[in-house]
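Scrolling down, you'll hit the structures one after another.
Two complexes are shown next, each including chain A; its partner changes from chain B in the first to chain C in the second.
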Partner chain A sequence: MSEVGFVFSLSRLWHVAGGQVILILAGLALIFVDIWLSTKHKANEGTIMGWLTIFALMATLGHLVFREWSLHDIVFMGVFSAEKFSVFVSCIVLMAGILASLMSIGYLRNNGLARGEYFILLIFAVYGTIALVQSVDLLMMFIALEVMSLAIYILAAFLKGDQKSQEGALKYFLLGSFGSAFFLFGLALLFGLTGSVNLTVLAKTLSVGIFEQPAVLVALGMIMAGLFFKMALVPFHMWTPDVYEGSPAVITGFMATAVKAGAFGVFVKLLFVTFTPILSLSGQPEFFTTVNLASLGAYWKPVLWWLALLTMFFGNLIAVSQENVKRMLAYSSVAHAGYMALGILAANAEGRMGVLFYLFSYTLMNLGAFGVLYILDGKERGAQTLEDYRGLGFKYPTLSFLMSLFLVAMAGLPPTAGFIGKFYVFSAAIKEGYLLLAALGVLTSVIGAYYYLRVIYMMYMKDAVREITPGPVAAPTVIALVITALGIIYFGILPEGLARIATIAQQSLAFVF
Partner chain B sequence: MVTLTHYVVLSSILFGLGAIGFLTRRNAMILFMSVELMLNAVNLMLVAFSEFRADMAGQVMVIFIYAVAAAEVAVGLAILIGLFRHVRSVDINKFNVLKW
Partner chain C sequence: MMSGFETIVMYLGMSLFVILAMLGISAMLGPFRPKPRKRTTYECGVPLIHPGQKRYEIKYYLVAVLFLVFDLETVLIYPLAVRYRALAHYGWGIFFEVFIFVAVLLAGLIYAIKKRAIEWD
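So, the complex of A and B:
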């Protein structure tokens, strides 16, 4: 199916990649709208652009849910595929984009930089992430990765007057392009050795045992290393805390959720479409009979085992020693990547479903936490360090309650969606016999609970030492916080519906051929 | 005679030099150039493979990589200038307001 679809037709483009088409057209159109707004309606530029962006993202979400989700012929020209897995991850990315846009309207107003290009860049970042997940061709994957990264680099540097923002962005840029160079080198090697960079063609080529050549293993390793940079697994995480601390708070939330969802989605797709294909329910395609494909797992599984362990431990341990709450959340997001890596390592249906569920719930709780964080961190005399959070609980009960809810969810306590996500991932790993790693993982999540609950302890049990003035709360931010809070509780109590959809989504990986 | 192996070895060496340069040099501009060297090593290898396999796809990829690299430099230099306005230096050891 991947090779027959090479005839270009606009209607097929619209069916398979219509979401991307909407985003590109909206992004380009908004550039002109912004020029017009900045001359005629300077005062409301940020707000109007924000709502237009939300409208465009909602339209894309509608296309994904109502059209691409039910497609049968899913591959477009051997470049994009709209199988349910990537549609599901794209929906998570869009959800993160919509929530981030809602919060950005208030955030930009509070910080006096309500400018339209912010939202245009956000649209292109969402576009790049979705194209990344939907691509079935390594070159397209690279281009999408760069579109996403370039937009995010600029967004990370958006606070021009703040040295931290500039420094974080430069570090992100340098290490990000270093990582992409590795991805490219692997791509070039693979092209030379196998003659194709298409995931499905590669799967066939690798299935005849060619992967046992050292050069092919080096190529696959470099491609994976390039993705590890974006997934921020230890020891590829060096940029993460600096970038997350320096960037605008809402963009940090977006990076920690959407970009991470994109990188994890494409990694899962690469692993289970190309490196270790899941055999479809209709019996295995004939080209898999020549060699036992699971043997490639013997190479990537030990690597991922160590990466998951290191990520869970370092992320949580270093987070304990952080005084700055934003930086603490940055390390916590590294730790969460470790739990998701555990689900991928399990390599069974429940693990993949768990990763999808985890990404979904993590998007809600992390964006929610950064939404509260930016309000508390008002322009002057805002709460930044742990000490500043002392006594906030009774002075700002609603904000503190929401923050506590998001932190409890991140700690993985019931009845929140964070608990269910961790439960799925750990039980999948235990089912595959990774008992030691799962036990160590639970241990690290206890460390995690300590520093999350410490913030709550500071808010409710300690008296304030200095006066904190949070910024004003904008209406769109309220909408976003309500959505995230309700989502976390709803999917924590009734996870079955989402879990069923995630199960269907992960099954579709067997049908990309 | 120059064989495919020569090209692969040459581009691997160039890629390695770029990577070493990136990890050891302290001037942000040199880091940019090191990354560019790595990308161009990849381009060289793609052209060589393309010739060897008689498959134009490799050369098409090079054009794409050029376009991406150009965009990357534009963004990277803009960010560097933004930071230079604060620090008045391109020495990465001086970029140290964020640590641990």
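So, the complex of A and C:
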């Protein structure tokens, strides 16, 4: 593909990036709807904006599922691709966006924060994440990463006057900029070496044989470090607990699922399109003799091996000592990133499928848990410590049951989707010979089970020491909680359908060219 | 093996060396006798009335942010206008792309006006 060969075509834009177009237009339109609502219908502003956002996200989801999933024009001007892998990850992001919007309606009402900007920012965050996953151009990837991050920084600071929220948002901003700078510097190095920022052009240029240069490895390391910040793997996880604890509960859920899905999606795409192409693994040397290229795996695999190990251990061990449930969930999300890194490390079809399945099921259970958390909270930071959860099991049986279900799913016990996701990831790792790491992973998930089950133990087997006042349960939140709970059980019992779709999705990475 | 980056590495190494050398030599050779009076902002001037860092009104930041929008607009449109001939093979798409870009910024501007971001009080 030569740089001048790209032709602009409107129908192709609609085919490949139609979902993004819908989101942008919806976001811009909602800005004006919000201005109108804030003068005329101040009381219902949050609710109306929330539902409009949900419709916009649903329309995008429809376009992705019915149009982009089955199309042939997969690359638009060498910037965006709509192969099935990106579409699948985008669907996870949209699902997280829809669930978060449903919960936000109730959350904003409980906290007296009903403002339209919230949903507009949420739409732009979803847009940025989808653009990030769909881009096949490092520069576009960086811009999308920034669009996503800027929206999330503001959302993290949305609890005005709350010190922890402000502190978390500032930390996130500073460290996030640091991570982005790493990404940008790696990008610049690659551009300097190859003269291109397009993933496929890069793959071909690197295959000619300049890949053993230290500069290529430095560039790869820097790009990986930039993405690890967003993925929250252990040496780069320092911002996670403060930001997740400080942000509004629903936004924390969104960050832990959608942003993570986006970062993992783009990381997998980057690795298996450019640095270790799938074609090189499957023995279809259509574009290049790939014996050389695949050897970049020898450089990133040891790094990811250690990071996965550290992430699984530190995430789980530090979560044990947390007294605040929200902060505990933050560390648990770090630990989950470690399990998903294990799937990427396996670098086989099962591993990539496992990562996709894991992201999907993790989105359901994590957002569900944060949904229950915000209701029990009443107002933000009303009741988040383990002490507050004592004796809730009999006073609020439905909420406690749902919380238990989500926590059991996170601990990875059958018959929930959490178990299946862990099973796929670990079995893929074992298949590739990472026996020690898989064994250590199972060991750490036993540590994880301790702190998840401790919350359930507190809820059902201890007497309350303090009266807590959960907020009112809004109807949209009920819908979201029902979807998440049923999804976790359904995909825990019948995972084959989703697994088959994920398998098809990960194969498509071979055809980005 | 080498690819032209070695000069950059050398440059970075040299600058690091120069910085460390300047700071290190002056720290080693120079006398260090601090006194509270020496640490004031103007060692031989009048005493300060109030601290140097003052808090500005939030409105100034708002104006700065709005200015940034237009600044970026210029920064991005100007090079495109200069290089337009070289990009002509993209067809009309590149021409309308600029207007899409301006339209998005315009939406932001109308939002700012409607939210009374540019009214001073």
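Side notes on the structure shown:
Quick note on the criterion: the second predicted complex is superposed on the first by the 496 of 513 C-alpha atoms of A that agree within 3 Å, B and C clash if a C-alpha of one lies under 4 Å from a C-alpha of the other, contacts with A are read in each partner's own complex, and residues count from 1 in each chain.
One rule holds for everything that comes next: contacts are C-beta pairs under 8 Å (C-beta built on N, C-alpha and C of every residue); 3 or more make two chains touch, one makes a residue touch a chain.
As the structure is a prediction and not an experimental result, all values here were calculated from the model.
In the superposition on chain A, A:303 contacts neither chain B nor chain C. When the two structures are aligned on the shared chain, A:31 is found in touch with chain C, with no touch to chain B. In the superposed pair of complexes, A:153 makes contact with chain B only, with no contact to chain C. More residues of chain A lie in touch with B than with the remaining chain of the pair chain B and chain C. Contact with neither chain B nor chain C is seen for A:473 once the two complexes are overlaid on the shared chain.
Looking at the shared chain after the overlay, A:170 reaches chain B, while chain C stays out of its contact range. Once the two complexes are overlaid on the shared chain, A:195 sits against chain B while remaining clear of chain C. By the touch criterion defined above, A:213 lies against chain C but remains apart from chain B after alignment on the C-alpha atoms of chain A. Where the contact sets of chain A with chain B and with chain C meet, they give residues 189, 192.
The touching residues of chain B, when paired with chain A in their complex, are 8, 15, 18-19, 22, 28, 31-32, 35, 38-39, 41-42, 45-46, 48-49, 52-53, 55, 57-58, 61, 64-65, 68, 71-72, 75-76, 78-80, 82-83, 85-87, 95, 97-100.
Partner chain A is touched in their complex by these residues of chain C: 1-5, 89-94, 104, 107-108, 110-111, 114-115. In the complex of the two chains, the chain A residues touching chain B come out as 139, 142-143, 146, 150, 153-154, 157, 160, 163-164, 166-171, 173-174, 177-178, 181, 184-185, 187-189, 191-192, 195, 197, 241-242, 245-246, 318.
Here chain A touches chain C in the complex through residues 4, 6-10, 24, 28, 31-32, 35, 189, 192-193, 210, 212-213, 215, going by the rule given at the top.
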